[in-house]
Every structure is written in C-alpha cells, then in structure tokens.
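Heads up, the next two complexes both have chain A, just with different partners, chain B and then chain C.
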Partner chain A sequence: MVEPAAPGRIIQYECASTTTWAVDDRGVIVVDGSTGAIRRIPHPEAAVWALIQRPYAWGRVMNILSAATGLDGAAASSLLQRCLAEWTAAGLIRMTTKDALESIAHG
Partner chain B sequence: MSKLPDSDLFAVPLPKGFLLFSPRRRLAVRLNRQALMVLFRIFVAGDHPSGLSPEMDALVAELSQPPEQVIPSANTAVSPPFLGLITTRACNLACAYCAFGSRTSPDERMPLATAVAAVDWMAHQARRLARETLDIHFFGGEPFAAPEVVDTAVLRGRIMAEQSGLRPHFEASTNGYYTADQADFIGAYFHAVVVSIDGPAPVHDRHRPAAPGKGSFDRVAETIQRLGRWELKLCLRVCVSTENVASLEEIVSWLGHTFRPSVINLETLQPTPESVAAGLRPPDPVEFAVHGHRAIRRARSQGIKAVYSAAEMDGPRYTFCPVGRDTIIVSPDGQAASCYLPRWEWKQRDLTLEVGRVDGANLHVDSRAIRRVRRAAAHKPRCRRCFCRWTCAGGCLVNQTWPGCPHAYDDFCRQTRLLSACALLDAMGDSAEADGVLTDARAMAVLAEHADDRLENFPTMAGGHG
Partner chain C sequence: MANISLTQHCPLACDYCFARSLPDDFNLPDFMSRATFDWALHLLQRSGIRQVRLLGGEPTLHPQFPSLVEDIIKAGLDLMLFTNGQMSDSIIDCLAELPTERVSILVNAATCLFTAGSALDPSVAGLFRRLGNRIALGLNISSPAGLSDHILNHVSRYGLLPAVRLGLAHPHAAADRPFLHPRLYRMVGERLVAFLDRARQLGIEVNLDCGFVPCMFPNGGQELEPELARQIGRRCSPIPDILPDGSVIACFPLARKGRFRPDNGDDLAEIRNRFSALEQSFESLGIFPECAACRARSNGCCSGGCRAAAIRRLRQQPFTFTMSAHDTPSDPFVTHGPNRRETADPDRLAAYDRSAPPRWVIPYVDQPLTFWQQLADDFDPKLLSVYLPLPGTAVGSGRPRQPMAHLAEFLEHRLFPVNVLVNPIVLPKPLDKIWPDIAHALREFERRHGMVSVTTADLLLAERIRQEFPDCTIAASVLMDIATSWQAHLLNGVCDVLVPSSQVMRNLPALRELRKAFNGRIRLIVNEACLPGCPYRRQHFFEMGQEEALPHSLCEPLLKAHPWLRLTGAWVLPQHLHFYDGLIDEWKLAGRVTLQDPVRYRRVLSAYLARTPMQPHEIGGGPASPLHPLDIEADFFQQTLTCDRRCQACSVCREYMTARMKHQPEV
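Coming up: the complex of A and B.
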C-alpha cells in the first residue's frame, strides 16, 4: 500500500523482511521471524493486513476496506491508522519513503 | 416384473456386443445381443422368462431397483451451490476465439456495493441451508481485471463467513495474465483456480494473444508456476482446435510435467465470428475423441486427472453447468442470472435466465424464476434417446441444446458419445475394448451416430454383432 508524502515522494508500507504470514479461516497468522512470536490477526483487522500487501494507493484501500467491513469512511480510516501504527511499532511491517517515479517504475 | 417407467436403460453399440448403461443406477456392464434381448423382454415387453442364469438374475434384480431421482421436484427449496460474481466483462487479452464478447464489452466494473450485497445474500443462504462453506466463484471477462472488486468480495466473504460459522471457499476462472503480486493474492486467498493455457508458446499465443502480434504465454506460464507454490487446487483449461488437437497427448504430458496441476480440462473451441475470422476451427469430433482419450490416459499415468467435462462419469446429473442448479451469477450491472454468458446470447435463444437483481444494498431473487430455469435445463428433447442424457446432460443450454434446437446430433454430441463410452469402458477396466472402439472407424461411426440408445429401441439396433 502506498500513500502520498512530500511532493514527488510516497510512503510505502510492506511486510518486514523477517515477517511471514498465512491466511486461515479466522483471519491471518503472522510470525515475527526475529523473535519467533506468533500472532493471530482477526477480522476485520485481517482485511487491513490483506490490503497493505497490495500495490494500492491510500484512497483505493479506503474504498475497499470501507465496502468490505461495512464501516463508514471515518471508522475505516481509524481502523487502518490504528493497524498501521500497531504493526509498525511491533516490527511486523515497515514504512519506507520512496521517490514516486521510482515506485511506479518498479510497479 | 414391471416395465421401466423411464429411460434409464441404454444399450450402446460396441465393436463386440453392447454396453448396457443405467446412469441413474450407476451401473454399466458389457452384454451380448442375446442377453440384451432378455432384458428387453423383461423390462420393455413385460415378459417373465424363466431359467435365467444367476448372473442375469442378479442383474435383473439390480435393474429393478428404482433409479436415483436427479431432477429436483417442483417444490424443492432453492439451494444455490455457489454465488458467481462477474466482476467485469472486460478482459486484458485478445483471444482469437473468445466466446464471452469481451472485446466488445464495455470496461464496466461491478460497483463494490453490488459485490457486497451479493456476498451478504449468499452468506445468508448458506446459513439458512446449514452449509459448512460460503462458496463464491469469480468469472469474467477476466475477473482480476477488476482487482478491487475481487478484493472487496473476498474480504467481505471472509468476514461474513466467520460471522456465520462458515468456511470461506473461493474459486476463479482466469487467463493468468497479470503481475506476480496478483498471483500471490490469489494463492493466499483462493482455494481453486482454473487457468487457461492452450499448449506451449506457439499454439497458446496463436489462440490467446495479449494483443495482435503480442503473445501472452510467458506471463501466463509464470503465473501458473507461481500459483503452484501455494496450497490451492490448480486446474489448467486447454481449448482444443484444429491447431492443437493432433498434439493433445504431448501437450497434456508437458502441462503435467511442467506445472503439476490437480486437473487438466480439455474443451473444444466454440466457434464465434471472431474465431472464424482468425481461421480457428473446432477439431473434427472423431479426431478429438481419439487424441482426447489418449491424452486423458497419459495424464492418468502421470497421476493427474484430465477430463473432458461432458464425458465425466462422476454420477448422474440433469444439467451440465450452473444453469438449472439454482446458481446465482451476478453481472457488473447487478443482474442476477443462472448463466454467466452475456444476456444477449441467451435472449437470442428465447431463453429467460434472469432470476434476480441487486437493488441498492440487497440482492432480490425470484424463486419462481429459478424453478422455471430448472425445468428448462432438465427438458432437452435432443438428449432423450442418448445414453449420455444423464452424464453430459446436454452440454450448454444456450449453445448446444436450447429450446427448439435440431434433434439431430451435432459434433459436440458425437465427440461426447465416443469419449463417454470409452470413459465407461476404462472405468470398468476394459481399456482394450475402448482401444477397439477408437481404432475402428466403422465402430466409431456407428457409436457416434446411433440415434436411439434406449433399451426399448433395442430390437431395431444395428451394430454389436462381433
């Protein structure tokens, strides 16, 4: 998932290199390879996990998340922000700032 | 002994004798003319011959059991096996034979709210029917050409499944022409996927170009390789034309070794104005049967199931496809129908397959319309005398057995009759007789064209004299 940052720059969220994950019926199971910790992400947070793995822009993520969870825009945004902050702090995902053109060039 | 009240006893002419087939009793046995005449006397003429052998006595007893009731009764509750979502009718390939009108379809994508309404309806149905799974199948066009619709439906489906105590189950039919990221999403979230690949690059790119002069093979092969790393049922669909029929065994063997799919599905090209313009033609039905049967056996020797879906012998059925099985398939415009073909295709056959509509946040389904479609799918006059009536079940209602279609067999019927008889013989462990059929031009002609296989017609039957 990407979102605009400073002019010509974007923020990109992606899995940390030590994170592996798998989908099961009740959500997503995430393993932090650096500590060996196993964590279950339930619904609807599992929908956020799915969407940050995708090459979508912020607005598109919000549209899908709001539709899939039935949350209004503000509630969906709040859910997304909370998950990003929590998972970044836990080291499961990482936030990088990239040149927008570079990001496009790499798909 | 009473006469059989229905046509569930068929006598299929073989080079040596006949194949007695009772699809709704799941019984097939090879018999000679004398034995069949005894069965004719018992079940058609109503005689009571004495002095039958123990084997004939046992067979008569088995045939005297009532056949399985396959067609739901008129008051059977509506029970959709899955929800179909056509996320878009647009496609990112330019297949020379496309029968789905993708090249002329507008780039219309299903609104996310429509997908959500349909998923919610299906979750409610699955709960009402005490199902274990919430089944959603994605079709196109190319369904992943509208990835945000797929993502929404998948994520909504997973949430609704958990709330309803169901397991989510997602399937898709796809061209495989997209990025590695898209393939990984499918691998992570889907349970079965059908990818179209028609052979190695030369034939695949001739059939399925990305654009004029630009092939799609390399990217599709990468996708299949990538999907193969995930835990999902991988099915490869091969469209067979005059271009690839002669090398079908080699193609199936190559697909099996290269991609290790769960299933390889062989289907013949359905002619369209586009395929005619591209110089692509369906294979000769006899040539397809010969090469198709060998290809199916070749795959079996590799531990892979290959099928020609009209000749699958898994059990009796009254309809070939989702049509008539209460299936709800929602189009991008919110129409709910039993068929995934564009509305104009079934309208031109005077068929009404529309069964509902998404209106705002709700999918409304008309159960009377569903029952009407059931009746249409079960009533196929062309099939009444054919031994494949309860296995092929008439193929596509729109393109093969529409109301008012000619009663004479077409090439689809001919190849299906040949492959069905050989599948039965193989299943009985009588592969030598199947080989005998497929190497005997006269036997194939008799079997393919035999107009009435019903036991009641047996005394007038030719063939089976060997």
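Coming up: the complex of A and C.
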C-alpha cells in the first residue's frame, strides 16, 4: 500500500520515459521499453492506468474510478493505491516526493 | 526463405515503400558489396535454402547484377526477383539467358508505371513481351482505391503467369510513412471480394502476403475459397531480410525492433529463432483494440494482424500523477458508500455517468497524409469527424477558400468520417436556383467517399437535404445563430446536431435550455471567439465567404476602444471544459484558418483533449479573444458563464483585464 504524503509534501508518480502502452478490449498492455517486458493490466486496474495518465486531480480520479467500477470511495482508493504500489515495484512508474510549495514554484 | 536486399535505391520512390523507410542511422551502403553477397549466398546454402530472393529498392540497379544472378544459378540455386519491371535491355537479355524453370520474376504493379487508364510503361511492356511466361504480378495495397482489377488485364494481354500476389502496405514500426491504416482494412476487404471474383473469372490465382485478417472480409472471410482462407490471419512469421551491409532484420516494418549482424556460424534457423522471440513478446498485441477479446484470435484463426501495425498502437506519453496529504480516503469530496454520492458535486458526477465521453469534430487543414495518420494513431477514439467545405460547389462555407493540395489523398484514405460544410452565412442565390448544384455535389461526394454528415446554416436547405439524403447526419451550423429554445424546437426532426450560436457559447443557463428543447446532440465550438451577439458578425462572415484572403475583422475598432470585450468572446479554454460536462455531447475545434500550422494544430488539439491549460491567445481563436498572454482564472471564467450579459452595467471583465494586463506586458 502507498502511504499518504506527509503534510506539506506531495507524492508524484511519473511514467518511465521508456514505457509505452495500448488500450484494448481486455484492458491495457504496457511495454517496458528498457527490458522489452510486456505486462497486461486487466480491468478494473486498467481503468486506474487510463485515469492517472490524464491531467486529473486525485479527487477527480477517485470520482471517475468509483463511477466506472461501481466501487465505493474507500474501495476505489484502495484499488488506486494498490495499483500505484505494484506498478512502482514493477518499474513501470517512478515515485518521487517533493515539497508542495517547491512544486508550485516550479510549475 | 530469406531475402537479399541488394540496394535501397529505386527511381520510382513509391511513398509507401518499405525500403524507403529504413532509418538513416542504419548507414547502409548504396549497394551490397560482392563480399557481402558471397557471404549471404553461403549463409543460404548452409541453411538448406534452395531459392534466393533478390529485392531492393530495385535490385537490377546493382552494378554487378548480371554476375550476381549468374553466381546464384551456378551455385545450383533458384532465383526469385522482385522488381518494379523497369530495367534496361541488357538486364532483360541477362535474365532471358537464365534457365526458365530456375527463375521467377515478381513485378510490383502498384507503382506509377501501372496507372489505371494509362498505357503501360514501355520499358515494363518490353519486359512483359520478352519474359512474360516467367513473370507474375504483385500488388501492394496502400489504399482501398489502390486495389484495382485493371492489373488483371495485363495477365492475358502479355501472357504472364496466371498468378497475382497481394500485399498490404504495412507501417514501419518506428517511422512515419504512408501505409494502409487498419481502419481501412474492411474497405479493402470488400473490394478484395470483387477483385477475387474477377480473378476467378479470368483463371488467375491470387495469393495473399502477410497481415490479412479475417475481420477485414465480409462474414469474417467464411465465403473465401479454402486455399485463400488458409492465407489470412496467419501468424506473423517474417522472412528475414539481409540488408546491403550484411545485417539482418526480421522484416522491413520491424526493422527498428531487431537488427543484428549474424555470426559466421549462424544459419537461418538461428536467425529466425532470434526474431521469433521478438515476435512472441508482442504476441498479445493486436492491430485493433477488439483483437484482445476476438474469438477468431482465441481459437487460433487469426494472430492479430501485422505486428508492426500492432506495435504502432503503443503510445509513449509520459505523465505525472500527483497526490498530496489531503488525497486520502478521508477526502470529503470522495464518496464513501452508496448513500454518500449526493454529497459530491452533482454536475460533475452527471458527466461521469454518461455512457461515452464527448468526441471532437476537428477542421481539415491541408496537411499530408502522415499528419492525419498520426492524429488517428494518437487520438482516434476521441475524434468524431473532420469537417471541410463540400467539394464541387461554389456555394461556400463561411470562410475564404482553403488550400486543398492534399485533400484527394485525405479523402481517399478515409481515416476519419467527414463532415461537409455547406454553410455560407447567407445562400448566394435563392435556394431553388442553387439546390440542383448542391444536391449534385452532395450525391457525387456520397458516391465517391460515402457521405457521413453535412453542416448547414440554412434551415430550408437542411430540410431539402433531409428529404434527399434521409440517412445523412445534419448539423445546424453556428452560423444559423440558434440561441433560444424556441429556435431549437424548429430544428427537431430536421437536424441531428445543433451547434449553438456564439451568443450562448459562454452562457450555461441558455445552453441548458437549448439542451432541453432540442432532441439531438449539442456540439459546442471551443475556440471561435466572436463577441456574443456581435453586430458586425453577419457582414464579416459574408465578406469572408467572398474573399480569397481573410478580410479584416469589422469589430476591430470596437475591440480597440474596449479591449476588455475580448474577455467576453466565445472561447473556452481547455482547462475550463469541465464546466460544460453533462451539457455538451460533442466538441468542435475551429481553426480552418488559424490552425493551418500543423505543429500549432496538434498542440491546441492535444491541449483540448487532455484539458491541459492554455491561454486565450494560444488556442487559434478569432479576433475576440485576448491577443496577449493572459491567465484566465477558473473563478473568473465560471462567473462569466452565468452572468446576466448586461455588460454595459457591469465592470467585472473590465477590472479583470485592467488588473491582469498591468502584470503582463504586451508581446
């Protein structure tokens, strides 16, 4: 599970520059360009992938995810955090923490 | 099997040619050296290959071509030559001296030398006359229209071998080059059925190269002859190509994905094994999103099409997702159970409850096919259609004449459904007098391109189109100036889509009324940017429709005297689209004139699709959007969406403009 950010800090998840993906009827296929490894992300996790690559705030992602999956807020949040943890461990995305004010100052 | 590519050069330079798409950084020599050729021949021999396949470019351009083919025959191997058919008499003499049973020639009939309705190129005709009995035709299909059965006539006329080999112009997995987009496969499949019928009548056997899939044929190809049916949906099993420098690729479309120089001891089986590993890693990827759940694929009848076309679907789009300390399940905005949904903003939730998000109607700008293919690749599910003036009529479309150099190519490839505009601000003559001209142009367009939808600014014209083309989707143009529910009622039963007047683009209560009154879909322009209810607009659009160049905006003096009016223009920034969620069924990007620069077009479209922030001067809007960098804050914008439009008695926009411009000097 991903821990919430400490007060005054933000957590950013970035897609690795070598990662490519395609959406299909069974979910999302993600290719790690650095290793050539291919990973299939089924639904409902695919919805998480599709949402976090959009420029949406966390609250908006949660609302759409909740509406799309039929999960309540807590379950949707749990799904999101589990996905982020798994994909970080797999190297598909990278996690960094930053000072919130610094982040604003630098856009 | 393996192919030996003697050179990448070919004087014809067909735009879809695989060989032309090899990356520059491959640094290939102009021609394969003699030593490399000998090595390649030896590789084939020790691999037990009996046939050498020479291709290019145009292989007969190799300066030592006669002696190379002589060596092949001396080594006891057969020769298959892939050529454009344009070769010198001395090369024809050379080929004629080789034993007939050991040599076959495949002439690519997809080149400019085989244009329908024109005489066959004399050089190719000369080749056919002398060596026709060992020549078969090949046709590489780069567009649906390219599959023409006129080439079949050459078979009997010149006594060619009664066999034609069809291939699809596949994409290069890592380069932009025209190719047959999988979206066009069904159209090709329909034409192919007719082509096969004609070939059968003439006793000509048709063979299919790689990449044909069952779903491109009517009924999934079940009505094809068994031998042909066996050739579709095959596993991607590339025949390695030995390039002029001695390196090997799995096939031209996958050149970027795997290229290496074999060790001296390698044979073709080892080389194929290396490429098979590459192929297997992408096995789960098909050319369509639907491939993942396709029964033909799961029961082994189809492997998902060309691997390069499938790989091309992969997006590379870095993103950043941010969470702060507040972004936890205790966030009050988030619903926590079935009874908490009403606590969230109902408008925003309504937007998410719609079955499909609104898609975009975008302008035609005169760019090469690669531009549109890239848009299709990158944004396809979000794009609904491309609009352009109806060709073949002088009625007009509310804008100056546009460049159309690439239009034929664009229409031929049908990457997007097309919406044709017949919407001058006022018809140039009484409707009865110009209707025959418009109807003829519409019928012609429908016959050639399959009309999808029409946008018109005249309700009587819309009624005529509805009667004559009952299946056509009709949109009421923004120039029809529909701003009230009463006007919207008048459109019901005639129009399927309503583009609201610029008077109400920034008026949410008015849009809600339109939505209630109109039975069809609401399509909102996001970046047109006229002043709401501008008294100069009608004349300005009339002048625009008359001129070759864009005339001056008639509202310019007004805007100069009152710059703050630009804040009231009919523009919506990408970051503010969410205010319209639930109200709008389709979005429309304006920009036939202002977004002709392809880089700017992509930037603006991308921003709107992703809702990433822009400033008003960046969106390609008209004169009534701010011309200088200016941040538009969400609170301010929201306020303008519900204000009472009594600008003469209000100072909100004036003060906002004054305050912001102090800090943002003109550029």
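The rule is simple: the second predicted complex is superposed on the first by the 87 of 107 C-alpha atoms of A that agree within 3 Å, B and C clash if a C-alpha of one lies under 4 Å from a C-alpha of the other, contacts with A are read in each partner's own complex, and residues count from 1 in each chain.
Keep in mind that, in the parts below, a residue touches a chain if its C-beta (ideal position, glycine included) is under 8 Å from a C-beta of that chain, and two chains touch if they have at least 3 such contacts.
Remember, predicted model here, so these are calculated numbers, not experimental data.
A.B. asks: Tell me which partner A:T20 touches in the superposition: chain B (first), chain C (second), both or neither.
C.D. replies: Second partner only.
A.B. asks: By the touch definition at the top of the document, which applies to A:R40: first (chain B), second (chain C), both, or neither?
C.D. replies: Second partner only.
A.B. asks: I'd like to know which partner A:G59 touches here: chain B for first, chain C for second, both or neither.
C.D. replies: Second partner only.
A.B. asks: Touching A:A90, do we find chain B (first), chain C (second), both, or neither?
C.D. replies: It touches nothing on chain B or chain C.
A.B. asks: Quick one: classify A:I10 as touching chain B (first), chain C (second), both or neither.
C.D. replies: Only chain C; A:I10 stays clear of chain B.
A.B. asks: Tell me which partner touches more residues of chain A in the superposed arrangement, chain B or chain C.
C.D. replies: C
A.B. asks: Based on the superposed arrangement, let me know which partner A:T69 touches: chain B (first), chain C (second), both, or neither?
C.D. replies: first
A.B. asks: Based on the superposed arrangement, let me know which partner A:A50 touches: chain B (first), chain C (second), both, or neither?
C.D. replies: first
A.B. asks: Going by the contact rule set out at the top, does A:I29 touch chain B (first), chain C (second), both, or neither?
C.D. replies: Touch status of A:I29: second partner only.
A.B. asks: So which bits of chain A does chain B touch that chain C touches too?
C.D. replies: Shared contact residues on chain A: 22-23, 25-27, 53-55, 60, 63-64, 67-68.
A.B. asks: Okay, in this complex, where on chain B does chain A touch?
C.D. replies: 112-113, 115-116, 147-148, 151-152, 154-156, 158-159, 161-162, 167-168, 179, 181, 184-185, 188-189
A.B. asks: Provide the residue numbers of chain A that touch chain C in the complex, in ascending order.
C.D. replies: 2, 4-15, 17, 19-27, 29, 31, 33, 36-38, 40, 52-55, 57-64, 66-68, 72-74, 76-78, 84, 93, 100, 103
A.B. asks: Which of the residues in chain C come into contact with chain A in the complex?
C.D. replies: Residues in contact with chain A: 281-282, 284-286, 288-293, 310, 313-325, 327-329, 331, 333-338, 340, 344, 348-349, 352-353, 381, 610-612.
A.B. asks: For the complex, which residues does chain A have touching chain B?
C.D. replies: So the residues of chain A touching chain B come out as 22-23, 25-27, 43-44, 46-47, 50-51, 53-56, 60, 63-65, 67-70, 107.
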